[in-house]
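So that you can tell them apart, the chains are marked A, B, C and D in the order they are listed, and the count of residues begins at 1 in each.
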Amino acid sequence: MRILEVSNLSCAFGGLMAVANLDFYVEEKEILGIIGPNGAGKTTVFNLITGFYPPLRGEIIFKGKNIERLKPYEITRLGIARTFQNPRLFKQLTVMDNVRIAMHKVHNVHILDTLLRGSKFLEEEKIQEEKAREILEFFHLYERRDEIAQNLPYGEQRRLEIARAMATNPILLLLDEPAAGMNPYEAKELINLISYIRDKFNITIILIEHHMEVVMEICERIIVLDYGMKIAEGKPEEIRNNPKVIEAYLGREEESVIS
Amino acid sequence: MQRFLKVMLLLGIIFSLLIFPLQAAGTIKIGAIFPITGPIATFGISSANGVKMAFEEVNAKGGVLGSKIELILEDDQYKAEEVANAAKKLIERDKVVAILGEVASSMSLVLAPICQASKVVMITPTSTNPRVTLVGDYIFRACFIDDFQGTVMANFVYKTLKLKTSAILVAVTSDYSKGLAQFYKEAYTKLGGKIVVEESYSEGDSDFRAQLTKIKAAKPEFVYLPGYYSDIGPILLQARELGITVPFGGGDGWDSPKLLETAGKAAEGCYFSNHYSPESKDLKVQTFVKNYKKKFGETPDALAALSYDAAMLLVEAIKRAGSSESSKIRDALVSFTKDKPFRGVTGSIYFDQNRNPIKSAVIIEIKGGKQVYKATVKP
Amino acid sequence: MKRNYLLLILIIIFLVYLGRLARGLNPYFYQILVFWGINSILAMSLNLINGFAGQFSIGHAGFMAVGGYFSSALSVYHGERFISLLNFLPLNIAQIVVFFVFLLLGGLFSAILGLIVGIPTLRLKGDYLAIATLGFGEIVRVTILNLDIVGGPRGFPGIPQRTDLSWVIFWFIICLLVIRNIIFSSHGRAIISIREDEIASETMGINTTFYKVLAFIIGAFFAGIAGGLFAHYLMMLHPSSFTFFRSVEILLMIVLGGMGSITGSILGAFILTVLPEALRGFTYLRLVIYSIILIGIMLLRPQGIMGGKEFSPLIIKKIYARVKENENTRSK
Amino acid sequence: MENVIQQILNGISLGSIYALIALGYTMVYGILRLINFAHGDIYMMGAFLGYFALGLWNFSFPIGLLFAMGGAAVLGIIIERFAYRPLRLAPRISLLITAIGVSFLLENLMVLWVGASPRPFPQKIPLQIYFIGDIVVTNRQIIIVLVSITLMFLLQFIVLKTKVGKAMRAVSFDKETALMMGIDIDKVISLTFAIGSSLAAAAGVLVGLYFNKIDPYMGVMPGLKAFVAAVLGGIGIIPGAMLGGFILGIAEVLVSAFISSTVRDAVAFVILILILLIRPSGILGKYMREKV
């Protein structure tokens, strides 16, 4: 079953087409990779899916529902979570609070109950804390629960961001360059983590990544963007040998991607 | 945490300094509350100067009832809550016997109930709103109330100057200005004159060209402008610039050397009502003007004169009462009569049943860069 | 659970009763306590908007003015009528009921205005929001200046004196509890997350507009209540109490106390209530010294005195625990 | 109709003053992201410096104007050095509060020093009134507009054509990169304050000439309104500040002429809020989509 279907999606910034007539889909439980040279419009695609940018035209259908006109928080509530290229943690708050904020939509007590500190409020707070603990333990961050997020080492910040995204209880997870800035060892760990998340939580993942190793290893299918257009689509080994892709990367003297 | 404790300790010290009164024996304490900072600071400072000078003169002559007067001057920044704080502080911490203030009627209306509740005499030098003294029997004022000055000027313009149409330019932010304008209008139309245009400005504005352009278009023979000198100067200048040549006129708010300084030639031929004329041969007026000039380097304005009188009135009442008890001072204040009035700089004062002063006014013309006496009007 | 409420209500009654007892105090001291309480309500409510939701608002005096003028106008023009409607109650109880209702209406009116102003302006960010809220405050002031029914520029006298320290304590506690209970809850974390990173917050499924407006409305409500208390204490309102500087003063309280700290707000309110009084002796120099102290504090401690931390019994417990721990490790 | 033209002419004079003050706001904001609330008071200080130069020391008008501008520039540099620079890394709101503190301090020091009552400004340029039909124009109005426009062009030239201007633009664009390019940021910031302050001082002197009334509190309202003008035009953009200033000046005069002078002070803010709702970055401001 196709969980997300994007058709004819376009988006422009001041005359420049950032994304042009893009069509793609994601199957349930799939890990889809999006690659492409810098400025190809990958992150823009994420921003369009999560509702931060309004599309010029086109449709985004999530679980049979059009979402391209919804607000970001509504989209999150439908079950799409994301991370950011540069981690956007709640820097001054503790690790625990970061995760609990993400559970806001799951556990919502009426504001009056909150003011009166009713029994429902206390119960829900307890449940929320318990669930947050589970998630933190899963991501090996529970020991760090009282640390201020910005004091964590970089790798843990990235992990926390994924943990936080998972706390929103998503069906579809969008990861924007999760391995950026990681050393090969950390990247390897990340690969394991991502596949593990998929299996454990039964979710679908779309991944933007520059680390070819990561992409090739865990993605079942890859689409390649250049100048906002899809230039290739297929299994990792097909992409690896696609001349158009090689040209798109090498033709522009980008950093060597295929390491 | 240590730092926090230090801060709390410091605050504790400040707070305790605040509540425990510093007692100095053997003086009569009198409080004064004026807006000596803030938007109408210029009036507050003049008023404070008048009061300061009065008490210094009294103290130089040995004080009153054998003790010196201690003036405790408070600034209220022209804010209601500050007036309340200052008043409570003067009454409860400094234990003053009387309070002089405030300049503006709105602030005097905050001050009056506090003084009345604690039965402390209050004399406002300049608040014209009739409501102020109606708060209670401890509240007095030293200035005219609005109806008198407005009517006086209307009579003068219509009968003496024989000008049959006038415009009114009023400071809407001021009780004083609005009151004067209202009574001027009533009296003037009753006499048969016609108000051709009414415009307004806010105190402290600097651009009046918009209103003046409209006044010019209505072609009045006279413009009644009952504001304070700080605004009058620029208004006159801008009016002349725009080619309005008719005379302007106003009330005692015009009385200040600043007016002539700012307006210069633009003020020539204008008229205003006042308490006294600096030309007056009265020795009291002459010495007051001379001493004030010596002390503060400028000619006193009406506010300074009125607050000087308010202070002197208080001293006189203490003398008459033979006591510095507030209730006795109050009784002494109401005991002034037409035959035995208080003779001050701004005229002879006694009070009506609402504790408003009854005194006469003079009309002054600005001529040759000077204030020239024109007429006296009895109440 | 029930016992907890009972305890709370008992504590509130005790504190309000304390306010009655305080009438025996020096009236000057009493008045400072009243203003401290009112300023604390203002500071805490602005802190919810500025310190917790991170929305830079400097129009709080506007909400205070709206609530103050609205409840005062009710008291002046309809007070007697409503009190006589309640003639089956003893007079002082009728007065209390009517005052409570009017105060509440003033707060609600202010909150509604907060909603109307908040929805469009809260889309603005940072300094743009600041200048828009500043503009709102000025528009309120100028509107009042032009409303003859509340005296316009000449002030609004004749308001009955109803506020006393008990009332102030009561509303202070309500404000404190409401803001604390919101902040330490899922809703509160949602509000704080907006301050930290609005985009991430939105990505977490938080309706940021809703929470920003909510914080704004609650802030406006309590500012309105504070305005009503202020008016019914002074018995006279004047637009000069609600200038831009009033908003700045409230902002100062929360910055001095530390943004995002409830106890900091109360401390900041204390400093800014007492400091000008302590400086009264300087008359002409007073404001000069005041501004120098202000600049000095900012240069020495830019993050505010509490620096976003709370001072509560809990902290004492924590410190105590840490000291204990240290001792234990040392003894080992 | 003549009335309208007359009012618009008056509005242009007022607007050019707002524009001059707004320029300083916009420059400082562009570089430090600070709403420099003390700027209105520097305008006031400028007026007083002009007052002393023209009245006490009897300088000629152009020299007096230059003296006031220079004096205010020094003042601006001092304020930046001692009150703002130590806080450059502190939370922005503390910086803002400090700016308000400086503003209080300047006002109250001046009240202490020269008193609060308004002073007449030395009328160095004799008034000449020209009549065009029923419309009145004075030589002072012409001087105000000419001086303001000259200064604005001069500023545009400095910012766009000189090396210093380039450095200023670089710092406002990205402080860290500018630092790496070897630009002395402190110097550039000082210079920005100097230029902004001297423009405000020029406005102060011109206002003295125009309204013939100066006092220590004269900077409060014009300061706020000039900031509104800067935001209106798009803060950080120099032509925007000028545009905003003129719009505000004309709107205010028209409102006090045809509606009521008492609502005039609200006009600036009503216009501001309306424009911000339509164009959240001001009239000339480019709407930057927040980068996600």
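Note that a residue touches a chain if its C-beta (ideal position, glycine included) is under 8 Å from a C-beta of that chain, and two chains touch if they have at least 3 such contacts.
These numbers were taken from a predicted model, which means no experiment stands behind them.
A.B. asks: Strictly by the touch rule at the top, which chains does subunit B share as contacts with subunit C?
C.D. replies: Intersection of subunit B and subunit C contact lists gives D.
A.B. asks: Going by the average position of its CA atoms, which chain sits the greatest distance from subunit D?
C.D. replies: A
A.B. asks: Taking the mean of all protein CA atoms as the centre, name the chain whose own CA mean is closest to it.
C.D. replies: That would be C.
A.B. asks: What whole-number Å value describes the gap between the mean CA coordinates of subunit A and subunit C?
C.D. replies: Measuring from centre to centre gives 41 Å for this pair.
A.B. asks: As a quick test, compute the distance in whole Å between the mean CA positions of subunit C and subunit D.
C.D. replies: Those two chain centres are 34 Å apart.
A.B. asks: Using mean C-alpha positions as chain centres, tell me how far subunit A is from subunit D in Å, no decimals.
C.D. replies: That pair's centroid distance is 48 Å.
A.B. asks: Where the CA atoms of subunit A average out and where those of subunit B average out, how many Å apart are those spots?
C.D. replies: Going by mean C-alpha positions, subunit A sits 72 Å from subunit B.
A.B. asks: Tell me, which residues of subunit A touch at least two other chains?
C.D. replies: Each of 52, 84 in subunit A touches at least two other chains.
A.B. asks: Going by the touch rule set out above, which residues of subunit D reach two or more other chains?
C.D. replies: Subunit D, residues with two or more chain partners: 108, 111, 260, 262, 265, 292.
A.B. asks: Give the residues of subunit B that touch two or more other chains, as numbers and ranges in rising order.
C.D. replies: Counting only residues that touch two or more other chains, subunit B contributes 36-39, 172, 202.
A.B. asks: Spell out the part of subunit D that touches subunit C in their complex, as residue ranges.
C.D. replies: It comes out as residues 29, 33, 35, 83, 86-87, 90-91, 93-95, 97-98, 100-102, 104-105, 108-109, 111-112, 224, 227-228, 231, 235, 260, 262-263, 265-266, 268-270, 272-273, 276-277, 280-281, 290, 292.
A.B. asks: Which of the residues in subunit B come into contact with subunit D in the complex?
C.D. replies: Subunit B reaches subunit D through residues 36-39, 41-42, 44-46, 172, 199-202, 204-207, 209-211, 213-214, 217, 230, 233-234, 237-238, 241-243, 258, 261-262, 264.
A.B. asks: Inside the complex, what are the residues of subunit B that reach subunit C?
C.D. replies: 1, 4, 7, 11, 14-15, 17-19, 36-39, 73-75, 77-82, 84-86, 88-89, 91-93, 105-107, 109-110, 113, 118, 129, 131, 172-175, 178, 202
A.B. asks: For subunit D, which residues count as touching subunit B in their complex?
C.D. replies: Per the touch definition, subunit D meets subunit B at residues 3, 6-7, 10, 14, 108, 111, 115-120, 123, 127, 129, 131, 136, 138, 207, 211-213, 215, 217-218, 253-254, 256-257, 260-262, 264-265.
A.B. asks: Write out the stretch or stretches of subunit C touching subunit B in their complex.
C.D. replies: 26-29, 31-32, 35, 145, 151-155, 157, 161, 230, 233-238, 240-241, 270-271, 274-278, 280, 283-284, 286-287, 305-306, 311, 319
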